[in-house]
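Next come the structures, one after another.
One chain, chain A, appears in both complexes that follow, with chain B as partner in the first and chain C in the second.
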Partner chain A sequence: MSAVIAATNLSKWYGNVLGLNDVTLELEEGITGLLGPNGAGKSTFMKLITGQLKPNIGTVTIRGRKVWNDPEIFRGIGFCTEQDVFYEDVTGWEFLKGLLRFYGYTPAEIAERAARALDIVGLTEDKDRLIRGYSRGMRQRIKFAQAVAHDPEILILDEPLSGLDPLGKRKLIRLIRDFKSQGRTVLVSSHVLPEIEALTSRIVLIHQGKILAQGDIPFIRELIEKHPHQISVRSSDPRALAARFVGDTSIQKMTFDPDGRTVVVETHQRDGFFGRLTGVVLEAGIEVDEISSPDDNLQSVFEYLVEK
Partner chain B sequence: MATVREKGYSHWDGRLEERRFPWWPITRTGILLAFRKKRFKFLFAGAFFPAIVALVGLYVSERLEDFKAFIQGSDRLLNIGPQYFAGYFLNDWLLFMILLVLAYGAGGLIADDLKHNSLQLYFSRPLSKKDYLVGKMSVVAFFVLIFTAVPGLILIIFKLIFAGSFKFFLQYPWLPLSVLGYSALLTAFFGFYILLMSALSKNSRYVFVLTFGTYIFSTVLYGILNGIFRTPYMALFSIPANIQQAKAFIFGLKLPHGFPAVWSFAVLTGICALSAFVLGRKTRSVEVIK
Partner chain C sequence: MTAAKAARQVFGFFGFLGRRTGKTRVFAALGLIPVALAILVRVFLHGRAGLMADVSTEILMVFFLQFYIVILALFYGTSVAAEEVENRTLSYLITRPIPKTSIVLGKFAAYAALMFAMVGLSLGLSYFIINAARLGDPEVYGTFLRYLGVLGLGILAYTAFFTFLGTVLKRAIIVGLVFGFGWENVIQYFPGSTQRFSVVHYLKSLLPYTPGSTPTGRGVALLLFRLEPTSPVVAVLVLAAITGVLLALACVVFRTKEYLPEE
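This part shows the complex of A and B:
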């Protein structure tokens, strides 16, 4: 599949501060999460791929077209900024209609699209209120509405969930997933791991202006050889289970949880261990309650990668 | 394997209008937001006062016999020619009102965008920086032209209507061009000047003060320097003096300051060039790290 968004040797600096350092990346259809702590370079990357900033080195292309100095490319892109970016003294309705005018639609089409976008984000009833009076959640939703109102193929969302209450987050996550289900491309940034995990398993980890890893979470986890996989097995007899693995050279370490029922195994050969575990459990007749991988999640992967 | 999707692209079957003026939404919004400000409509109406007075003057000039009881020897003032029109354009009230309307109604054109980070929104649309600036400039042009070219041409038309002949037009055939030329000069200068001021602050109140302050300070500076050096060239420091000099040249009148008008044109052009440079720098999309 050809890349929808491609960055090649992308670098951006501000004076002597490096915002982004030699980033080469290809993003395909579907949702991709751009994850990194504050100041990692997420917003710089977002602004480079939306043509807001000119790269010092490198190029960004969308569907093969260079982004910089090509305003027409934005007919197919929706951008939801991190900060509030609206005049406070206009209504949500006027705000959307004003922005839709840039696309050359007829007045009737503008009204129809604005109404549809407001309906999508559930702000139809509040459309005639001044944005000044909107709550934080409503502001996030109207920002999302302006990004999707022109029906873009690509949606770029910079920290769209920040400041939302749990219900608001759930609603917006559903909207983003709906958008993806229509076969479109979504790039969403966040520094909050569960938010990204709720949206997608395909992530790009960015830290100090560099791409640390790209792929789905288990794939990235596999790449981290320095840290063995942790596998937690809760069973009726953890000690008997552990005894069966003594002498297994693929296992680095075994520890017991304070609950007395769980043994945590550390190994580089996760799949091999699972194969042997099945045999041992059947052979010894040990009852297994739960098997989990405590470090096979985004939080652990991220912490390993940034050497926390 | 192909991706399985719940729903395909929804293609839009509507008609796409040709975007010959991509800057128009910017202009439209700028004008509408100006009229939404408190007291702006009052100011706007007040700026037409000189045009109404000039129109009454035109009418009276054609009916001197009817109004001789009122004008009592002031008919010399109603000698309608280029001087009369130039007088309309450079009466203090009109220039003051134009500046007031622009500083109040258009001062936030860029300042508000900087304050609200709206440049990100604009530049993630099919809109270039040039379109953006042309759109903003057009807001200023709308307000300047509506107080200069529009009344100026209407006054000429009314002069012909009141006179009932084309004699005046045949006598001064170049006058409409002078009106348009001077209006274009004011539009260009105030367009750059107001946008320059607007780009220097995120607060439209500061822009208001800065716009008036710079304008008035330039005249005060002229007065001080003229007092010290006693040379007419010091008028080059004054924005109104340069506008006066340019106006006199365009209307073919005696120059008010003792130096060639080209110097004033050069100063006004220089201010526009400085403005263009600053605007180019300030209307870049936001930097992430400042």
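This part shows the complex of A and C:
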């Protein structure tokens, strides 16, 4: 599959500060999460691929076209800025209609698209309120609405879930997933791992202007073989279970939770452990209540890579 | 979409936005000052409309020419680019399928039209209140249109200058204040050709009277003090050139410059 968004040896600096360092990246259709702490270079990357910044070195293309000073390319791109900024003295309806004018639609089309976008984000009832009177969640949603109102093929969202309450996050996550399910391309950045995890398993980890790793979660786990996986097993007899694994060389550490019913195992071979665990449980007749992997979450992978 | 059509769309959007902002309300209120002054003049000079009306009108023109259009152009002109950068709303514009030059031209035109409306309304009210006793005289209307034309050209030239300044500098307002109320106010009184390095010199050269042109006292007040006028045709050409060249430069800068967020 050809890349939708491609960056080649992309570097950007602000005076003496390096914003992005020799990034080469190809993003395909579907949702890709750009993950990194604040100041990692996510927004710089987003601004470069939306033509807001000009690369110092390297190129960035969308569908093979260079982005800088090519306005026609934005007919198929929707961008949602990280910042909570608006033309505050207009209503949500006027804001959307105003921005839709720039696509050359007829007034009827503009009104139809603005109404549809407001409906998608659930702001139809509040469309005639001034944006300055919107709550944070409503502001995030109207920002999303302006990004999708022209029905773009590619959606670029810079920290779209930032500042939203859990319900607002769930709504927006659903909207982004709906958008992806229509065969579109979405690039979404965040510094909060569970947010990305809720959206996609395809991630790009960025830190200090560099790409640390990219791929889906199993791929990233392969990259970090030295990173032990934690598996928590709650059972009727955790010590008996642990005794069965004492001789297993793939296990590095076993600890017991204070509840007395849980053993936490650290291993490099997660899949192998699960296979052996099934045999042991059946053989010893130990009743297992719950198996979970506390670090089966991007957070630990990310932390490990950053420390590495 | 063609650049011209895109500029029209930008014009429509910012014409609408411009009318909504607090800045416009403040400057529109400022435009009431000459109207209030005109009412005072009318009340106190009732029945003595001739000379005093002329002098009062000229005082009003000092306000319009050397203060009102300059301050309007300064704030609206610099904001064409700078307000988008400072308010961080630039991303809403430059991630649309419109050329960057259309953004500059469309916003410039929208703000110029807005300023012209404010100036026209303020001038119209104050001028006709002062000259209410002479409304039957066709010359009154001719003079009004001449004033309006001069102020319109002034708005275009100053706004183009400040638009250019706003695309180039981060603190364009400060430099603009020095230019608008420092350089322009001083250099216009220099003798010889030096005064031609000010915009206001060409605007004054287009006023409906010249120094010593009438025996009634017109042309002896502030506006014509030390004015060595340029011919009207040349003045119009120079003002058009200032507007065109500076707008073109503003477009080039805005298209090629990268506006970095201040973080």
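Following the convention adopted for this analysis, the second predicted complex is superposed on the first by the 304 of 308 C-alpha atoms of A that agree within 3 Å, B and C clash if a C-alpha of one lies under 4 Å from a C-alpha of the other, contacts with A are read in each partner's own complex, and residues count from 1 in each chain.
Rule of thumb we're sticking to: a residue touches a chain if its C-beta (ideal position, glycine included) is under 8 Å from a C-beta of that chain, and two chains touch if they have at least 3 such contacts.
Just so we're clear, the structure is a prediction, and the values are computed from it rather than from any experiment.
*Asks:* Both complexes share chain A, so when I overlay them there, do chain B and chain C fit or clash?
*Replies:* clash
*Asks:* Please indicate which partner A:266 is in contact with in the superposed arrangement: first for chain B, second for chain C, both, or neither.
*Replies:* After superposing on A, A:266 lies clear of both chain B and chain C.
*Asks:* Quick one: chain B or chain C, who's touching more of chain A?
*Replies:* Comparing chain B with chain C, the partner touching more chain A residues is B.
*Asks:* Once the structures are superposed on A, label A:44 by its partner contacts, choosing first (chain B), second (chain C), both or neither.
*Replies:* first
*Asks:* Scan A:52 for contacts with chain B and chain C and give back first, second, both or neither.
*Replies:* Touch partners of A:52: chain B and chain C.
*Asks:* For A:182, decide between first (touching chain B), second (touching chain C), both and neither.
*Replies:* Only chain B; A:182 stays clear of chain C.
*Asks:* Contacts for A:197 in the overlay, against chain B (first) and chain C (second): which applies, first, second, both or neither?
*Replies:* A:197 sits against neither chain B nor chain C.
*Asks:* Applying the touch criterion given at the start, work out whether A:102 contacts chain B, chain C, both or neither, answering first, second, both or neither.
*Replies:* A:102: touches chain B and chain C.
*Asks:* Identify the partner contact of A:22: answer first if only chain B is touched, second if only chain C is, both if each is, neither if none is.
*Replies:* A:22 contacts neither chain B nor chain C.
*Asks:* So which bits of chain A does chain B touch that chain C touches too?
*Replies:* Chain A residues touching both partners: 14, 47, 50-53, 69, 71-72, 74-75, 77, 79, 81, 83, 85-87, 89-90, 98-99, 101-104, 146.
*Asks:* Any idea which chain A residues touch chain B in the complex?
*Replies:* Against chain B, the touching part of chain A is residues 14, 17, 19, 29-30, 43-44, 47, 50-53, 69, 71-72, 74-75, 77, 79, 81, 83-90, 98-99, 101-106, 109, 146, 151, 153, 181-184.
*Asks:* Which residues of chain B touch chain A in the complex?
*Replies:* Residues 3, 5-10, 12, 14-19, 22, 24-25, 28-29, 33, 36, 112, 116-118, 120-128, 131, 285-290.
*Asks:* Please name which positions on chain C make contact with chain A in the complex.
*Replies:* 1, 5-6, 9-10, 12-13, 16-17, 20-22, 87-100, 255-256, 258-260
*Asks:* Which bits of chain A are touching chain C when the two form their complex?
*Replies:* 14, 47, 50-54, 69, 71-75, 77, 79, 81, 83, 85-87, 89-90, 94, 98-99, 101-104, 146
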